[in-house]
Amino acid sequence: MGDTDFAPATENYAERVRESFSKQGMMSHMGAEVTEVRPGYCEVVLPHRPEILQQHGFFHGGALASIVDTAGGYAAFSLFDADDGILTVEFKINCLAPARGEKLLARGEVVKLGRTLTVTKGEVIAVEDGNETVCGLMQQTLMRITGRDSVKG
Amino acid sequence: MGDTDFAPATENYAERVRESFSKQGMMSHMGAEVTEVRPGYCEVVLPHRPEILQQHGFFHGGALASIVDTAGGYAAFSLFDADDGILTVEFKINCLAPARGEKLLARGEVVKLGRTLTVTKGEVIAVEDGNETVCGLMQQTLMRITGRDSVKG
Amino acid sequence: MGDTDFAPATENYAERVRESFSKQGMMSHMGAEVTEVRPGYCEVVLPHRPEILQQHGFFHGGALASIVDTAGGYAAFSLFDADDGILTVEFKINCLAPARGEKLLARGEVVKLGRTLTVTKGEVIAVEDGNETVCGLMQQTLMRITGRDSVKG
Amino acid sequence: MGDTDFAPATENYAERVRESFSKQGMMSHMGAEVTEVRPGYCEVVLPHRPEILQQHGFFHGGALASIVDTAGGYAAFSLFDADDGILTVEFKINCLAPARGEKLLARGEVVKLGRTLTVTKGEVIAVEDGNETVCGLMQQTLMRITGRDSVKG
């Protein structure tokens, strides 16, 4: 993933992504961080810790969903104008394998950038002893918000 | 929701749901609790706190996804045999409105109980000043796991 | 389904739905018809015929998808202004049971009506010897198109 | 797409796909044909004709769904044992652009092959004056059926 070929609308797109991400209480509470931003692409890492697991000791499905929703959202946000905000319209995730290991990587990538709606795809990689396994597959729709202060990015 | 008419496979189904839920580090870390369990139905509450919000101050989409995935999963689990485990195969969530207020309620309900696969629907309600707004709509597939110790509920 | 409580934006909403439906080559080619229109609700029937089956003799998954996508779309369209067009943004369908019998009924219902995006839920009922079985469950996002002649309804 | 690296379970996998496809009344009624089969990959073509359009003259969303559901299903089926049947569990499709042109190409590809469940991704390409535009994006879950005569492939 990440071989997209989009032009960013602003020079400081990566800075804007990281600044917006830092305002997400949910991400820091989970221990997630942005590891890479390119135009139309974003990667988020989530290290293993007991606070984000489910009853069998795997990463919680909600943890996968949270980081890949976020990665997809910022992949789109990286291509937006400075005044645009963003909202998730919907997303769908398939869990392909138990998510275990030392960390998860969520990668989001823009498939279609639109004036109103943007579609991304994403995947969640479980890294165990250095080996990568795709454990989540996502498809997502995002909405660009313009001229509404309350939801600006 | 919750007008389902399923027979539980075990007498202590509610206890089993609550015990399994209590092992989910993710749920307690977010501050979520099970508020109701009936055969084929489960409700989870998530009180407002900064640690589960996104950049605009609304509840994070991942928080909605986490609790409604969990509510749907336990709605199914409530109908399973004592030895069965459960895994989320996939789910899809539509965000209908900004999720704000004093708390979220996630309600999951079994639509079709199967030997291998079970399908649920769910919704997330935002409670603001006592008024309820549906802010999330979910559809989910779950897999029953039998005879695999590693993923027992 | 169908207990929605929406006010139609136009008096002749049912007529507009039926007229638009009649322009869908796909629906008449499959043999589908609109059986009921109410504000925010639409039902489509698809009688059994060999031309819409799959390799095992059940109704084809694409046939289920086609009629429930259409039912959801017209459920939304029934609430739109006379000049508005409509496009499907995305939908997701779960196949709950083999779809067999003398006919299928697809029912679409608006969950959230929006200025730009509208969300519906739907189900497909297989009628066999007069007995109804839910064989499909759908969740859908639609976009209202205003002022674009090329896609007017 | 189509750079998968799966080993077919049978020598005559392509023949089995084409034979099963030929039994789908829905596909021939729409005018769709299999254009390519490789292990874990299948492409279906749907030439333009009035019988598969919607009210604005674009290909019907149900037509896109039908051929990409089928392409994904046969991508999985190509990796199954000779006695295995297949059923669609669920799929989700995003419509990225109006589907117009001389034909549609649906491409399905296996992401994760499982004993019980297999996950595929797919896309629908609209070919207009020889130019290709991605107009549909799909994610799908399939179930392998073993030892049930009624649904054998």
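Each chain gets a letter, A, B, C and D, in the order it is written, and its residues are counted from 1.
The criterion applied here is as follows: contacts are C-beta pairs under 8 Å (C-beta built on N, C-alpha and C of every residue); 3 or more make two chains touch, one makes a residue touch a chain.
Treat the numbers as computed from the prediction; the structure is a model and nothing was measured.
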| item | value |
| --- | --- |
| Between subunit C and its twin subunit D, rotation from the CA superposition, multiple of 5 degrees | 180 |
| A-D against A-C, pair bridged by the larger set of C-beta contacts | A-D |
| Farthest-lying chain, centroid of Cα atoms versus that of subunit A | C |
| Averaged-CA centre spacing for the pair subunit D and subunit C, given as whole angstrom | 22 |
| Whole-Å gap between the CA centroids of subunit A and subunit C | 32 |
| Where subunit A and subunit D are represented by their mean Cα positions, the distance between them in whole Å | 28 |
| Touching two or more other chains - residue numbers and ranges from subunit A | 89-90, 92, 94, 141 |
| Subunit C contact footprint on subunit D (complex, rising order) | 20-21, 23-30, 49-56, 60-63, 65-67, 69-70, 73, 85, 87-95, 98, 150-153 |
| In the complex, subunit B residues that touch subunit D | 89-90, 92, 116-117, 141, 143 |
| In the complex with subunit D, residue positions of subunit A that touch it | 92, 94, 96-97, 111-112, 119, 121, 134, 137-139, 141 |
